[in-house]
Amino acid sequence: MIALEYLLLIGLIVCAVAANFTRNLLPTILIYATFGTMLSVIWLLLKAPDLAITEAAVGVGIDTILFLLAIRSMRHFVGTGDEK
Amino acid sequence: MDINAILQMLHANRFEAASVILFVVGLGGMLFNRSLFKKVVSMGFMDSAIFLFLTSAGYVEGRLAPIIADPAVTATMEVYSHPLPAGLVLTGIVVSVSFTAFGLALTQRLYKKYHSLNIDEIMMQAQKSED
Amino acid sequence: MRLFYENYPFFCVFISLLCGILTTLIHDGKKARALTLAMLAVCAVLNGVVCFSTAARGVSFTYSMGAFPAPWGNELRSGPVEALLATVFCLVMGFSLLGGEADLKEDILPEKQNLYYIMMDLLAASLFALCFTNDMFTGYVFIEINTIAACSIVMAKDSGQTIVATIRYLMMSLVGSGVFLFGVSMLYTITGHLLMPSLFPAVTRLFRTGAYQYPLAVLAGMMCVGLAVKSALFPFHTWLPTAHGSATTASSAVLSGVVLKGYIILLIKVMCRVFTPEEIGSLGVGSVLLVLGACAMIYGSIWAVREPHAKRMIAYSSVAQVGYIYLGLGLCTTAGMAAAIFQIIAHAFTKPLLFVSTGGLIDASGHQKKLYYLRGAGRRCPMAGVGFTVGGLSMVGLPLLAGFVTKLVLGRAALAEGIPSWQMILSLTAIAISSLLNAWYYLPAILQIWKGGEAPAGPGGEAYVHGPYEACLSFRIAVVCMSVVVVLLGCFAQPLMELITRGVALL
Amino acid sequence: MKTPVWYQKLLRWTEGDSPVLPEPAAHREQTREPAAEESAYESGPGLLSASAGRVRNVLLRVITIASCAVFLLIMLATVAYLPRFGDADNAPENETSRRYIEQGMQEVGATNLVTNIILVYRGFDTYGESCVLFLGATAVIMLLAVDAKNTTEEDRRVLARSDALDRENRNQILGHITTILMPVILLYGLYILCNGHLSPGGGFAGGSILGGALILCENGYGVGKVHSFFGHRIYHVVKVGALILYAVLICYTIYVGANGLPNVIPLGKPGSILSAGIILPINVAVGLEVACTMYAFYTYFGRGDL
């Protein structure tokens, strides 16, 4: 159990660091969604099923949709939508 | 405390320790990343870190989730973990979504106007158009 | 059975929330505006009643939000000081909306005007909640409402500059509220409470036993830093000048007049009702606040001297004035708190007066924002000129005006028994230097707007010909009222100071 | 006689110019050559020249990492001094938790204790949170709703073209899958929404799922499908109606509770679906509001309109 906890926690940190160093925006969003999924499992481990459901619906679902929409709208224009 | 005791405590408080690291990573990303989009993403990480810290305060070893299985049996405190932090975090998650949406909306407008996500460049162009 | 007036704080919060929600259905900006002003008037009256009743009885009361009292449910708490501040906030918001009317019509598209007033209504609600809250987490939630509403009223003007300012403001605000919430979570971890009446004995016990000293110091620092970021204390003020300087006039006035103060009130509550001022002092947080406040007073003034844009100059002056408040808080004494609260009230009237008058002056000079081009604007729009003069002289510290009393009470608090001598010297020096610097930039500005002769040529070399400028009625009302209040605060400060001092003891 | 220097300085001071400090950079632009101004802006990402900018960037990065590391060490040390994770006798084990767990179900009526806390014990907080969501939606509308300032003819043309493209190349598979998935998602959302007092979930989670269903409908059946039954008017009425219903219920509870009046809303038998007094209607109201808000986020981000 502790091994799973460590795996998830280290996964969270790796995701958060990696999101800062991606070159394109789409991987950032995927990393964000992964982060949310892992967090949702952690809520289950911490005996908070309400949070797990809400995180899965809001943090993974709605947030990801918003991010995707935002980069889609950015691609209508000149420039790549990539960083810098 | 010597270093061993500290490491032991960090192992015991692994959720708190991880949340602190996440918090600092998120904070650093928000303050120092130049891309507006990544600032908004980092904001999400930072909020999640706080929620992780708060939720871990409510966990008690070996207790059940705070949902009463059988209403006929009187509940005792020794069976369920603390429900208050989960309630607070539920509030916090929804607050954090509205801020993500707001931040992204601002980013989208700025990108439309200045065709860039780099905050320095955007500020420079805004300054230029003002003068 | 509780007294009926004890319901008024709760009524105020929900009246303003409901007004905001209903305004969604009103698509006419004028009606939305009338509703907002009426709401502010009603809330001012209700809060005024609470203030007088509690002051007359010399009590403060707790109002449980629901059937469950302190450690279980949400609570509000009000005494004379909280109600007084809430009343001041209503009045200032009302005057700012009146005074900024002309600019509002110009800067915001007609179909989005009602959205602006939604933001104003919810801003008022969050300020009331911050004044009255007795619960750390309620404080956090309403800080977030405040943040989102404040950011929205900055961006309402919808120019590139304001949106850039908004996103910087948003990021800094979120950092601030995140750090604050982390502090609250730590406090919950080591005490198990979120409501101030239960936190206070728990924290006192921890201080007595000496347990968790290190986490306590860190979390006190985090809460203070979080709120300091949001109220633009010196090293964290970078977002303020652009946000306040570029927004529409009413927004600038509301932001620097009341929004910054909401967070400071929560900080005062944390200092008095969770910790005691002495405990904050013994953790070393007080000294840090004092030093940062003193730095802000000087640094803000220096940047104001260098700033050619009239509105941004006033925004930098806000940085300095917030420094005065933190100087008072950092002394960690009752007198210091009282001085800080007086400064909150004085600045809440003076700064909106300055912003509103500057808005009038800029309108009278063909929308030129630089001080250089405002030459003679006071003659074209005498009402705005008078307002600017009164506000500026009050900032400089001319006797019989509000700013002078602030400096006086702050100085007296710094000279009291028991203050370490380095703190005393630092405070007095900072007050003196800051007053000098204030004179340095406000006096030339005042001379400039009254100066005769022809108006200076514009940036492109073309000569501006200014016709006579007619200020609208609501602008005049706002400027006259705020000027009168600034003078009254300066002339009759004694009763107010007594009320505040008694109220601080009841916090 | 020549005027003394100090007098000239005083004159300049009254002009709004300050002689004491070094010539302020911002003042200089009144006399600055336009060409110099241009070059200052074109040099690299910073306001400085290219090499100075690079030095500044490196310096900034070093300062960033150093300050983050120091902060991290302080925080980790704090964590080491905090009470041990998961211990039964930590501080949250107090009378607050005891009452929430042992009397929550009898006093408030829901078997999900978290729901009891967020909707009744700390109902004011949660109402504030719904208002944050409302404000978020309003702020997004303020920024992204199509108006004269933020939209050009070109934008409108691009949008119309993509709509036309969308109508022509309607993806049949997506439509059919949507038809299959839709009832399942709606059922799941409604279940979570209405069972908030009995099982994990409640208004926020259920509402987001319903909002997700609306978004799927918009995507699967094509642009304008949702608009045909969920226009501006209905959107505003549902959103405001839900918030007002919530406000009325919560105000009633607060007023009655604070003034010691009898509460006439029955609590019902804990564990059954029609129980827990105000919690079920509040969950429905919150769910509607959240669903509206999520859908509004989606459409305003994508199209700038409902």
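Letters A, B, C and D mark the chains as written, and numbering starts fresh at 1 in each.
Criterion: contacts are C-beta pairs under 8 Å (C-beta built on N, C-alpha and C of every residue); 3 or more make two chains touch, one makes a residue touch a chain.
Computed from a predicted model, the values in this text were never measured in an experiment.
Between the interfaces A-B and B-C, more contacting C-beta pairs are found at A-B. Taking each chain's centre as the average of its CA atoms, subunit B and subunit D sit 13 Å apart.
Between subunit A and subunit C the centroid-to-centroid distance comes to 37 Å (mean Cα coordinates, whole Å).
Centre-to-centre separation of subunit B and subunit C, using mean CA positions: 28 Å. Among the residues of subunit A, those touching two or more other chains are numbered 48-50, 54, 58, 62, 66, 70, 73. Looking at subunit D, residues 75, 77-78, 81-82, 90, 92-93, 96-97, 100, 112, 114, 122, 125, 129, 132, 135-136, 139, 143, 150, 200, 202, 204, 297, 301 sit in touch with two or more other chains. Among the residues of subunit C, those touching two or more other chains are numbered 137, 141, 144, 148, 151, 155, 163, 186, 188-189. Chain pairs that touch one another, listed by label: A-B, A-D, B-C, B-D, C-D. Those residues of subunit A that touch subunit D in the complex are listed here as 48-50, 52-54, 57-58, 61-62, 65-66, 69-70, 72-73, 76. Chain contact summary for the complex, subunit D toward subunit A: residues 112, 114-115, 158, 192, 200-202, 204-205, 208-209, 211-212, 215, 294, 297-298, 301-302. Within the complex formed with subunit C, the subunit D residues making contact are 13-18, 20-21, 24-27, 30, 74-75, 77-78, 81-83, 90-97, 99-100, 107, 120-125, 127-129, 131-132, 134-136, 138-139, 141-143, 145, 147-150, 236, 239-240, 243-244, 247, 251, 253-260, 263. On subunit A, the positions that touch subunit B within their shared complex are 5-6, 9-10, 12-13, 15-17, 19-20, 25, 28-29, 32, 35-36, 39, 42-43, 46-51, 54-55, 58-59, 62-63, 66-67, 70-71, 73-74, 77-79, 81, 83-84. If you check the complex, the residues on subunit B that touch subunit A are 14-15, 18, 21-22, 25-26, 28-29, 33-35, 37-38, 41-42, 44-45, 48, 51-52, 55-56, 58-59, 63-67, 81, 85-86, 89-90, 93-94, 97, 100-101, 104, 107-108, 111-112, 115-118.
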